[in-house]
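Take a look at this one; I'll ask things after.
Per-chain numbering from 1; labels A, B, C, D, E, F, G and H assigned in written order.
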Amino acid sequence: MLRTETYTVNFGPQHPATHGVFRVMLNLDGERIVKAEPVCGYLHRGVEKLAENRTYQQVIPYTDRLDYLAAGLQNQGYVETIEKLMEIEVPDRAEYLRIITAELSRIASHVLFVGVYALDIGAFTGFLLCFRERERILDLMEELTGSRMTYSYARIGGVAADAPEGWLDRVEKVVNDLPYYFDIYDDLISGNEIFQARTKYVGYLSAESAVDYSLSGPTLRGSGIDYDLRKAKPYSIYDRFNFEVPLGENGDCFDRYFCRILEMRQSVYILQQAIEQIRETDGPIMAKVPKVLKPPKGEAYHEIESSKGILGYYVVSDGSNKPYRVHVRRPSFVNLGFLDEMCRGGLVADLVAILGSIDIVLGEVDC
Amino acid sequence: MFGKGLVKGLNVTWKEFWSKKFTVQYPDEQHTKPPRFHGKFQLNSDACIACGLCANACPNGVIKIESEKVNKKKYLTKYVMNIQYCLFCGMCVEACNKGALRFTQEHDMSQYFYKDIPLVFVDREAPKPDPETENKEKDDDKSKKAGKAPEKEGQ
Amino acid sequence: METCIYNVIAFYMLAAVILGSAVMIVAVRNIVHSVLFLAACFISMAGIYLLLDAVYLAIIQVLIYAGAVCIMIIFGIMLIRRADMKESNLFNKQTKLAAGVVAMTLAVYGILAGKTAWTDVTSNVPVPADSLDKIGGLLLSQYVIPFEVAALLLTVALIGAIMLAREVKADGDN
Amino acid sequence: MDLKNNEPAPSELNRLVHLAPLEKVLNIARAHSLWPMQFGLACCAIEALMGTNGPRYDLSRFGYEVMRTSPRQADVMVVAGTITYKAAPFILRLWEQMSEPKWCIAVGSCAISGGPFVDSYYVVPGAKELIPVDVYVPGCPPRPDAVIDGFLRLKNKVLNPKVVEG
Amino acid sequence: MDNKLDSVIKELQEKFSEIKVSEQQVVTVPVEQLTSFMQMLKDEYYMDFLTNVTAVDYPSDKNQNGEEDDEEDKGTMEVIYNVNSITEGYTLMVKTSVARQNPKLPSMFSVWGGAHFQEREVFDLLGIIFTDHPDLKRILLDDSFKGYPLRKDFQWVGGRK
Amino acid sequence: MSDWAGVLMFLVVAAIFGAGGIIASFVIHPRSKAKQKLEAYECGVPSIGNTWIQFRSSYFLYALMFVIFDVETIFLYPWAIKFQSLGSFAFIEMIIFLFILIVGLWYAWKEGAMEWI
Amino acid sequence: MVTISLTHYVMLSAILFSIGLFGVLAKKNAVSVLICIELMLNAVNINFIAFSKYITPADFMGQIFAIFVITVAAAEVGVGLAIIIAIYRNNLPVDLDEIDWLKW
Amino acid sequence: MLETIFIDIANWIRNLLGSAGVPALWNDTVMMLVKLTAIIVFILINALWLVYMERKVAGYMQARIGPNRVGPKGLLQTTADIGKLISKEIIIPKNVDKILFLLAPVLIFVPPLTIFSVIPFGKNMMAIDLNIGLFFVFAIASLSTLIFWIGGWSSYNKYSLLGSMRVISQMVSYELPMMLALLGVIMIVGSLNLSEIILAQESAWFIISQPIAFLIFFIAAVAECNRVPFDLMEGESEIIAGPYTEYSGMGFAMFFLAEYANIMIASAMTTVLFLGGWLAPFGLTFIPSWLWFFVKMYVVIFVFMWLRWTYPRVRIDQLLGFGWKVLVPLSLANIFVTGIGMYIYRALGW
């Protein structure tokens, strides 16, 4: 063969397709990728260390900033870990509110993913239309929590505030509207032949390697592995809802993408049930917890299914009011591990499609 | 059939082209903000008792409170929020049980200069205490520290 | 016999550009510049053709040479390794010898050209206007054999070139 | 980790010709065509760059929506997010590679001062340590309308450079 | 589900006499047996999914109080593995501890590919060396960064003025 | 004045227009100095290795085919113009001509010259 | 009166041809040699067209010849480049410096 | 009156000059300069307006408004942009091939402007009437490929290099189907003169009689303009700004303007070749011919924009594969079909 020179191109850190400050060092031969080495850490903020100097409650706002696209899920993961550590029973209404925020967060995150993925593939309009729907969800969240992205809504033992008057109706309205918008995405993006040509049979990920590399979330399920913690090990009150876990077949970019679309529809379904059930649930939104939280000596590891995959919190307490050690198992970070293999032999354009389909968020990757 | 998706896509943008726009023309029109919106802070300095709960609750040590003891009561002399460090998480507002600190709907806090960013709510001299009561107090308070509100440790 | 002064000026200017860029093609050290001078040379040659009333030729000169051949040469250049692009077009050892040979050829040619009494055969018949029409007719009647041979030649060239380059692909899989 | 190495070179703006009236006209053009660089660091970027461009806030009304990825073509660097020590050199590099005239807006607590992470071992306390910042937009993240306010403030400054002197 | 896990742990205890099991079913394995233990988990108990790898620094009390650095540092570091089984649906937390002075343990990369990035992260932030790791270098921090920030004795200055 | 002089004028004026724009800009734009300003932009980090390298050009065969078929069009156009006045014999000749080339195209297709290498 | 005669064109073509020839002989780089061959072919074309205009303006023989020359030239470049690439490929594993005219 | 307004103006100037005793040659030269200026002004105004229109269309398709603050309804937005770009610094990076780097933006405007010289904007409204017009357009258009490549290659930037290699392979691959597709049209018309092509559409536009040719031509035109879905050369989410990556200020503006000039050419050519040029449909001749031309041109441009704001981008191998495996065979087939169709047509004696 013509042994052409390979050359190295920095793809990122400032690059529109890396979704933040992420860098892939590409070894290219013409347009073919010989090697793609991810370089992360440009957003390493030392949250784990900072958490050691904050009280348990004060860590909550910091978890927002990890996965800033789905902060509700991050809050949930953290507080549930502490509740596990302290063995606190959370009142039902709070659980429902958490689920609603979590699922809304999941939809917001997935909607953003769909938009950004469309942008990566080159469809600008999809990106902005998705923002319209996201904007409506953010409105709801802002009404409930006061912030558009960084909610800090969950509290250890409950949630910060009850839903305002009429909020649930508004959520219901938006939630009922959403499937209509998903249809638009299907018409505009998923159904588009060019989009399919760009994403189908690209970035193949076999089920075995997906499991071996501990990939999780839609990335794993796109390869056909049925592993959703909400179903596999129901936490919180997910066992009360009826939903399905969408799976892909081929393990290519399109399946990973489409899994998310289907997952949003399932989330809508969960939300509808949750709203129905919360209407019948009255009661406090906070468990009885002491003002100063001092969990007993010990450790706890708790996993939830975030929008990107399995989000785990590992907390060690030494009995004081500050955690001794907090570790976050970030799905985005672990999912990146297989990037090189997926890209190898593809074209530069494929890298964009693959990277987009993993749906990383840099705050989470770099912690 | 190949091309169906392409036509459908064109149809979506075509419909979108004629449909109503979603834009709110800020700054001519204002966006509606919910009552809970975490905007600019506001301190009711009369209601504040300089208890320091807010400063304690804050994860990032944003709030600096100084107070002096005047006539048995803590008198707030300085209340500064270095909002350049703030997370707008609302923990301080939640902690204040006097309702002195609260969020407003105002969002515009942008500045040309770094030094203008902190919100200085209170920066004043303590009034001269009544000489009568002062003498009495002096002995009581000697040991207690007057002045700085308890600051967060470890920072 | 050209009489219009503008044509004379145009001829000299075009000739200067052609020869200047031809010299640069040979002289520059960077092969990419060489190719670009080649393109300039071709385009001004199209001007010469226009002076000679060969409109169709002028257009295809631009279309084929500047638009296609140059681009293919660029592809060829990009494919081949060089240590440094800036030093990619050097002379070999026989430069002096080559110069001698060329000088001799040029001299002989010049003498011959000067000796021939071209003017004798020059006629002043104006060129028919729609040359393209004529060319089409001629190609398909009088020159039909060369015409088909041209197709054959092109196909053979295509097949040959692909066969030569095919190994590029065959090995490409490992 | 040493920011000193990355000390910004003193900005030496000079011109071949400098005509005050011409400059005034050009300033009007500049003020109405601030092209931000497409460059997001963290959470704030979602709001400041994507949200403001989104259909609801629509920065394009002001003509500021032309996101250029290449710093050569951008006018405004919107530093939106946490700057870490690993990222600092390239931010500085991007800033230096932008063509004059250029401006910088620091969006969010992090870009202003390190924000929530100011105590961290790996966070640069604000963009001001690296590059001259023209407008600060506090918030965590600021609402898109606050970012628009920031842009308008910058526009004001470009139109009328005296506002910051007084 | 828990019963299943119980029986698994029981079986494991029989096979590896040196492991300790706490009340919360946390298994502590000595470093020497870690690889074979993990391989067994994967091969025989369908623990095919390594969710989490992390480590905690436990310096001896003396060090924690910031007193002089003792040469005979008795502190340890615990490395924690959380392993899931997708097919069986249970989770196991495995712990091992290494000496703080010379934290070294075999890499799990040969068992689970997912260990690759996570072990690199642990190395980066805590300085624990995983032998046989294919590409053990800093992942989040700069190469020029000194120290391991998640160790308890890490000293730094924040940027607050 | 001939049409071609007009074309020449267009060419020259267009070039002048372009040059004028650039020069005018050069006169009025401000300039500054910075250490890394003149380095190549590559997403903000220093570029690694040489840029003018041997470029694996999967495009070469495309260019080859293009040249061949481009030459073909210069035969086709004169024919197309005369098509109506020429007899059906010319049409058949052209079909033969095209057929020969289509064989080439088919060969190229078969050999994978149209696949991306 | 200054006029342009056939001699002018012939001389132009001759000089161009010579430059091309010199390049063919003196250049180290194979692609460069190919470029110079193109130059020579073009010089020939100028002659053809000039003759066509000055000698047989009515029957376009020169022009049609030139068209065929262009055809041949295009084919030549294609095959030439393919050959260069093929040679280059086959020799590469040996030693780059050996193939003097390909490495530049 | 309106119909011939531009021609009247031209004649008026010519007569004015003639009566002033200017020799014919100079008269012609001055006239040409006037036309030239008119065309440059036309291109500039249209390019500015098109950029604005693009942003507006984009906005409207994305549920937002688009520029509306600068000037009435934001009409001055692009003017401000150009004003700013002129006053932006032109950075010439360290390792670039300096001369070529500056040459590319200077030359990039030459092909589009030159092509405009032969486009008939209305009845008898063309700067130069070439017999070989269509071929001239192709020849000049093929030059811009080279200029794009110069710009990208000289930048000494890997993204630019990738972009420039893409741009030549793309433009080269789509030039061919474009030319082959038009053979069908030429067979019917029997001339390369653009005016004659328009006049041949008196009875039926070629979009009706040559639909396949139209489709191929249109797709190829989109590709030649580097527009979505074929905008690989800029492919923002892949290679930053492709060949323009290192260009700043006016250098970038030139490419920017040329891009829109190219769009105008592509749509003008589509109009001329398939939509009957300045011919008025349905006998609506009271509207002047040049207005018809603009209306048709803008409809085509709108379709361009519509495509751009709807579709994602294809990949380079798909792009080239589509060109060679679909469009080229299709266009060859079109030649046969047209030829045979015309024989049938003649045999039936219509």
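The working rule: a contact is a pair of C-beta atoms (placed from the backbone, for glycine too) under 8 Å apart; a residue touches a chain by one contact, two chains touch by 3 or more.
All values reported here derive from a predicted model rather than from experimental measurement.
Student: Identify the chains adjacent to both chain B and chain E in the sense defined at the top.
Tutor: Looking at chain E and chain B together, the chains touching each of them are A, D.
Student: For the pairs B-D and F-G, output the one whose chains share more C-beta pairs in contact.
Tutor: B-D
Student: Where the centres are mean C-alpha positions, what is the separation of chain D from chain F, in Å?
Tutor: 39
Student: Starting from the mean Cα coordinates of chain E and chain F, work out the distance between those two points in Å.
Tutor: 59
Student: Chain E to chain G: how many Å between their CA centres?
Tutor: Centre separation, chain E to chain G: 71 Å.
Student: Averaged over CA atoms, how far is the centre of chain D from the centre of chain E? Could you give it in whole Å?
Tutor: That gives a centre separation of 43 Å.
Student: Counting only residues that touch at least 2 other chains, which ones in chain F make the list?
Tutor: 5, 26, 28-32, 37, 39, 41-45, 47, 51-52, 54-60, 63-68, 70-71, 74-75, 77, 80-82, 85, 94, 98, 115-116
Student: Using the touch definition from the top, which residues of chain A touch two or more other chains?
Tutor: Touching at least two other chains: 1-2, 4-5, 7, 9, 13-16, 31, 41, 44, 46, 49, 53, 61-62, 65, 125, 128-129, 132, 135, 150, 188-189, 192, 194-195, 347, 366.
Student: Check each residue of chain G and list the ones that touch at least two other chains.
Tutor: In chain G, residues 67, 70-71, 74-75, 77-78, 81-82, 85, 88-89 touch at least two other chains, as defined above.
Student: Can you check the complex and tell me which residues of chain B touch chain D?
Tutor: My answer: residues 21-27, 31, 59-60, 82-89, 107-114, 117, 155.
Student: Contact residues on chain F for chain C in the complex?
Tutor: Checking each residue of chain F against chain C gives 4-5, 8, 52, 54-57, 59-61, 63-68, 70-72, 74-75, 77-82, 85-86, 90, 93-94, 96-98, 100-101, 103-104, 107-108, 111-113, 115, 117.
Student: Give every residue of chain G touching chain F within the complex, in rising order.
Tutor: 67, 70-71, 74-75, 77-78, 81-82, 85
Student: Which of the residues in chain H come into contact with chain D in the complex?
Tutor: Those in contact with chain D are residues 55, 58-59, 62-70, 74, 76-77, 79-84, 86-91, 236, 240-241, 244-249, 252.
Student: Quick one: in the complex, what on chain B touches chain H?
Tutor: Those residues of chain B that touch chain H are 6, 9-10, 12-14, 16-17, 19, 21-23, 25.
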